[in-house]
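Look for subunit A in each of the two complexes below; its partner is subunit B in the first and subunit C in the second.
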Partner chain A sequence: MKMITIPKKEWPAGLAKAAGSFRLFGPVKEKEFHSFKRLDNGQLPDFSFLNTRLSPKHLVYPQSEVMLTYSLDESRADHHIMKETAADTTPRAVLGIRPCDAKAFVLVRMNFDTPDYQDPYWLRAYESTTFVGLGCESPCSSCFCTTAGCGPFHEEGLDVLLADAGDHFLANVLTEKGAAWVAAGGWTQTADAKAGERLAAMRKAAEAKITSEVQTKNLNAAETTGLYNASFWEEVSFACINCGTCTYSCPTCWCFDIQDETRGKSGVRMRHWDSCMYPLFTLHGTGHNPRGTKLHRVRQRFMHKLKYFVDKYDRGIQCVGCGRCVRLCPVNIDIRRVCGMMNSLAASGEACAID
Partner chain B sequence: MQNPYLPYPVRIDKIAVETEDKNLKTFTFSFLNPEDETRFAYKAGQFAELSVTGQGEIPIGIASSPTEKGFVMFTVNKVGRVSSFLHAMKPGDIMGIRGPMGNWYPWEKMQGKNVVIIGGGFAFTTLRSSIVYMLQPENRKNFGEIHVIYGARSPGMLLYREELAAWERRDDIHMHITVDATSDPNWKYNVGFVPAITEKKAPPAGNDTYAIVCGPPIMIKFTQPVLDRLGYAHGQIIMSLENRMKCGIGMCGRCNIGKEFVCKDGPVFTLEQLNKTPREY
Partner chain C sequence: MLSYTETIREIAGRLLTSGAVEMVIGFRKGTVPMMNEPHFAKTPAHAQALVWDSHCGINLANYLTDRKEKIGIVAKGCDSRNIVTHIIENKIKREQLVVIGVPCLGMVDKRKIAMKCPGEITEVIEDEGSVTATGSGFSQRFEKKDVLQHNCSLCIHRNPVIHDELVAEPVAEQQGVDRYADVRSLDAMSPEQRWKYVEDLLSPCVRCYACRNACPLCYCPTCFVDEARPQWVGKGLDPQDVRTFHFLRAYHCAGRCTDCGACERACPVGINMRVFTKKLEKDCLDLFGWEAGLSIDVRPPLDTYRPQDPNDFIK
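Now for the complex of A and B:
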């Protein structure tokens, strides 16, 4: 849409103004790590981070949230009838989200916003949020966004992309929502004609710093059952302790559980993040478990991200290359390596259907 | 925006014990808001989430037929927390139903075809729905020969025994009821496992014949080779799967077999489709 300049000296006052019409969220340092939090009045987002340890997916999709409420009190006319809860859908802005994490919401939306069903909890939170991204100039050694359909200045899923240009931010305003946020901050200084070139140069320099990669080009054409029956899953899953850290830290993991929690005569139907790493995730009432071993579960995680998703949506892999699972896995299971093994097997032609 | 997680409130109208071990009960529900019955329009083969308030939800095949109006019916095996609680509930109690969910048996494709239904144990629920649907006078002419091969461990473990007897007396449906074993001297039907009875009684394979198979994994495992020997094409063997489910709408991530969700893309698949997908069910 348009590019504006936000002088850093006008940043705090502008944010204070924007806080009048937006609930502001941003990275805050707590102990040694940054995480996304609601900003207090006058609190500034702390942009001195590489990336937050956990992804900001909880802002749209809380780890636990109330879906419905009920009463078991039979003296009430509506006893045992589930009721919807009110949601706060006033505008929010997430400041300083990395492009990888913003793109992740675009992928997750494929799951929650379908032609047949729309998940109201995820969608109303997403739609009420304006994403103000921060271009990533110092990627981690484990970042591989540029080969995962994303990049350090990728704009998909963002409403505004900020680039740190020393004494000012270059703000590339990408959507109407982004324009509304910029207007709310009162920043009006149109960037000069060369700003586009400067942003492109920053993007190029940042992309060049990313040397880690995934190979994905053969995944789509591979036979599902061939990849599923590959011999390497035993070795890949050997060290896994099924801790679920990869799924909880992943910005594109969306699996959940639904549980009723009653206290006295009233209660709530809740949704909680769940993980394909856990045996209970798929355990049947009969005791049968279709993914009863950790090999099944590790394979499900990678097959889902790198094959099933690819085939189902034709939007690339269900990964944005943020590298969190690589950094946080306690036993060093590395999605880049597994993806490479799947891609090579697919290329070798051995991934053909075997019953 | 319609909230797909919000159940329709229902009342339990009737509870019937189905089997001699008392582990299967049939629950008949009516909708508290009559207009919800219209919204709950379903086809034979679909399922719904029974929502027991304060306990949770269970995905259960719809045992009533779309041709039966004024109620919906589910037969539930007592297994876990929700189903056990449900078994202890009484007529008049209020709970919820969310659905209908999933796809259905391919009624459009089976128009004018012969249908052989092969069922075992308590997986007969959506098969009952299907039989009632096909036998409805205005529907019966849309199908060729109808065969039903249905087995249980013992006579007392068969579901819907009165209806089975009534169908036995009809001339427009071929019933092949069987039990694994019985000491009842008056048992006048078959004795033997479902695969063996299928081998003897199933109609010949052909382009005009579809088999619908629904039962415990062990029955499916041994019935499939029989159908292969009889020459049934995998595209004409229809199966209904079960997996652990929560959302029922393809979002929560646990019931997938490959890229297909059993809850939304299934539960009904042809064997031809299943051959191309990891068999995680």
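Now for the complex of A and C:
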């Protein structure tokens, strides 16, 4: 598409204009940390953040979402009939999303939008959203996006990529959706011919700041059962307390639970995030739990992200390297370390031997 | 406190070499600043990975529940009190344990330090009494006493209450600590103010259960929030369900909580859910003169009837 310049002095007025045709969301600091919220009229997104504490996946995929409603009142003609709920699918723009978090939606889409099944709740939210990314000039020391199929200025999943160029933003308009958002803001100043080079230089500088990595190249060829039976899982899982911090803060974790919540004679069918770290996640109706110990559960999380996903989709690992699980795990279980162990085992050939 | 590391390695190595224990539970150095990872060593060589510094705030008693081995466990004051509670509640046997006691000078609060620094902290170096946090373009030194976890600043049981080994001479206990100022301020609120306070407090909760799972007291085979038949609590973010979880979790800790602070420390969104357990801790102290986990020979007030128990609630 094209590259435009948005002078920062035109940013607030343009956003106010865009708010006429888009619901605007952006990072807002509350108490201790930033999170993505609906912006009030005239409220500006606060770009003075490294990244939000929790991922913005809730924008498309709320932690708790009403799917259907019903009535148990048999005097009503529509009793016991599940009904669609109204959803606001008017256009909205998410401002300042980091490239890692935008890429995560692309990975998650592989689960919610397949030839056989399309998840209407996820898709309607996703499709109504324009992702206006913000290049990441100061990645955290625990970010490893460049080895996780992503990068601080990665464009996959974005409609516009903004780069902070001092008194203005360089806006790389990547899709029709992005062009519509730029038009709604009334920003029309085409960037000069050197803008592409400047953006490339910023990208390069940011990538050079990434000091952390994961090694993944042997995962695909590794023998699944060998990895599954690896001897290191006891050591890896020992510290784990089986909380949901890693999965709930992860932009690529997509598992959910469905619950009916009834009050009196009316009720809602809800979808809530679930976590493979929880014992209830796989508990069968019989009482049997195929993942009955924390070793099973920890192994599942890493095997899903770093092996099953790799094999199933052939699109790399189910991780964008945002580093949240590394930073937030209460007991310091580090996916970079575990990924390295899996990758080394795969390379050593030991993973080919079935115990 | 830094010199403890060598002594812990020496004791752990000795216990593993002699076969006195099959494993030693302690901490190994973390992969990010101000974090260490609970870790077990099964060989003297592995014991060399054990460390001690001011980032060992996770309560290791949590890792003993229902284990069958003979275990050496590194225990600061609060950990030792939860080990006592575990023994009283039959979650581990005293004979299984070699308690490697650590006289503790408190753990630092990584969030407090992070909030006082202008950017991301990439390294934290500790010397006796202070920590220095460094990041891109800054280096800030803090007196440890100014950045302690809140519970550590109120702690009056820094020395392990039971131990078989001691890594150093006992430290002086803090004197004249006002342990319940926060409880009094909550008590002084009107019900409406208190409700608002609790609503604000719990509003960032994502139901990850890190608080519950970091707690050594929470070992029920199935927690009430995980019960499916019948289901007691909704699974989502309805404030009523969030409150129900937090209130019931706290009540389950009454007379058992040692205010080790593992719950608050583990929370990814910085909720101080200790305000609930502190209130119950104070009630137990006021009503029964009870502090949890001080002796394996005394039954806790909530599982024993004593004629002198307060009966004022019977009208």
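Just so we're on the same page, the second predicted complex is superposed on the first by the 353 of 355 C-alpha atoms of A that agree within 3 Å, B and C clash if a C-alpha of one lies under 4 Å from a C-alpha of the other, contacts with A are read in each partner's own complex, and residues count from 1 in each chain.
FYI, a residue touches a chain if its C-beta (ideal position, glycine included) is under 8 Å from a C-beta of that chain, and two chains touch if they have at least 3 such contacts.
Worth saying up front: this structure is predicted, and the values here are computed from it rather than measured.
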Is the arrangement of subunit B and subunit C around the shared subunit A a clash or a fit after superposition?
fit
Rounding in steps of 10 degrees, give the angle subunit B-subunit A-subunit C taken between C-alpha centres.
90
Who contacts more of subunit A, subunit B or subunit C?
B
Of the partners subunit B and subunit C, which touch A:111 in the superposed model: first, second, both, neither?
first
According to the stated criteria, A:257 is in contact with first (subunit B), second (subunit C), both, or neither; which is it?
both
Which of the two partners, first being subunit B and second being subunit C, lies in contact with A:69: first, second, both, or neither?
neither
Once chain A of both complexes is superposed, is A:43 in touch with subunit B (first), subunit C (second), both, or neither?
neither
Which of subunit B and subunit C A:283 touches, first, second, both or neither
both
Determine, under the contact definition given at the top, whether A:218 touches first (subunit B), second (subunit C), both, or neither.
neither
In the overlaid three-chain picture, which partner chain does A:21 touch, first (subunit B) or second (subunit C), both, or neither?
neither
Mind working out whether A:175 is in touch with subunit B, subunit C, both or neither, as first, second, both or neither?
neither
Using only C-alpha atoms, work out how near subunit B sits to subunit C after the chain A superposition, in angstrom.
5
Taking the stated contact definition, name every residue in subunit A that is touched by subunit B in one complex and by subunit C in the other, in rising order.
257, 259, 274, 283
What does subunit B use to touch subunit A in their complex?
1-7, 9, 32, 51, 53-57, 79-80, 83, 93-96, 217, 242-244, 246-247, 249-259, 264, 275-278, 280-281
Please give the residue numbers of subunit C that touch subunit A in the complex, ascending.
30-32, 35-40, 58, 62-63, 111, 115, 119-120, 122, 136, 204, 206-210, 212-214, 222, 226, 228, 234-238, 265-270
Which of the residues in subunit A come into contact with subunit C in the complex?
31-33, 50, 53-54, 63-64, 138, 140-142, 235, 238-239, 241-245, 248-249, 257, 259, 261, 270, 272, 274-275, 278-280, 283, 326-328, 330-334, 336-337
Within the complex, which stretch of subunit A touches subunit B?
67-68, 70, 72, 79-82, 84, 111-112, 114, 116-120, 123-124, 224-225, 228, 254-260, 262, 267, 269, 274, 276, 281-286, 288, 290-291, 296, 300, 303-304, 307-309, 311-312, 353, 355
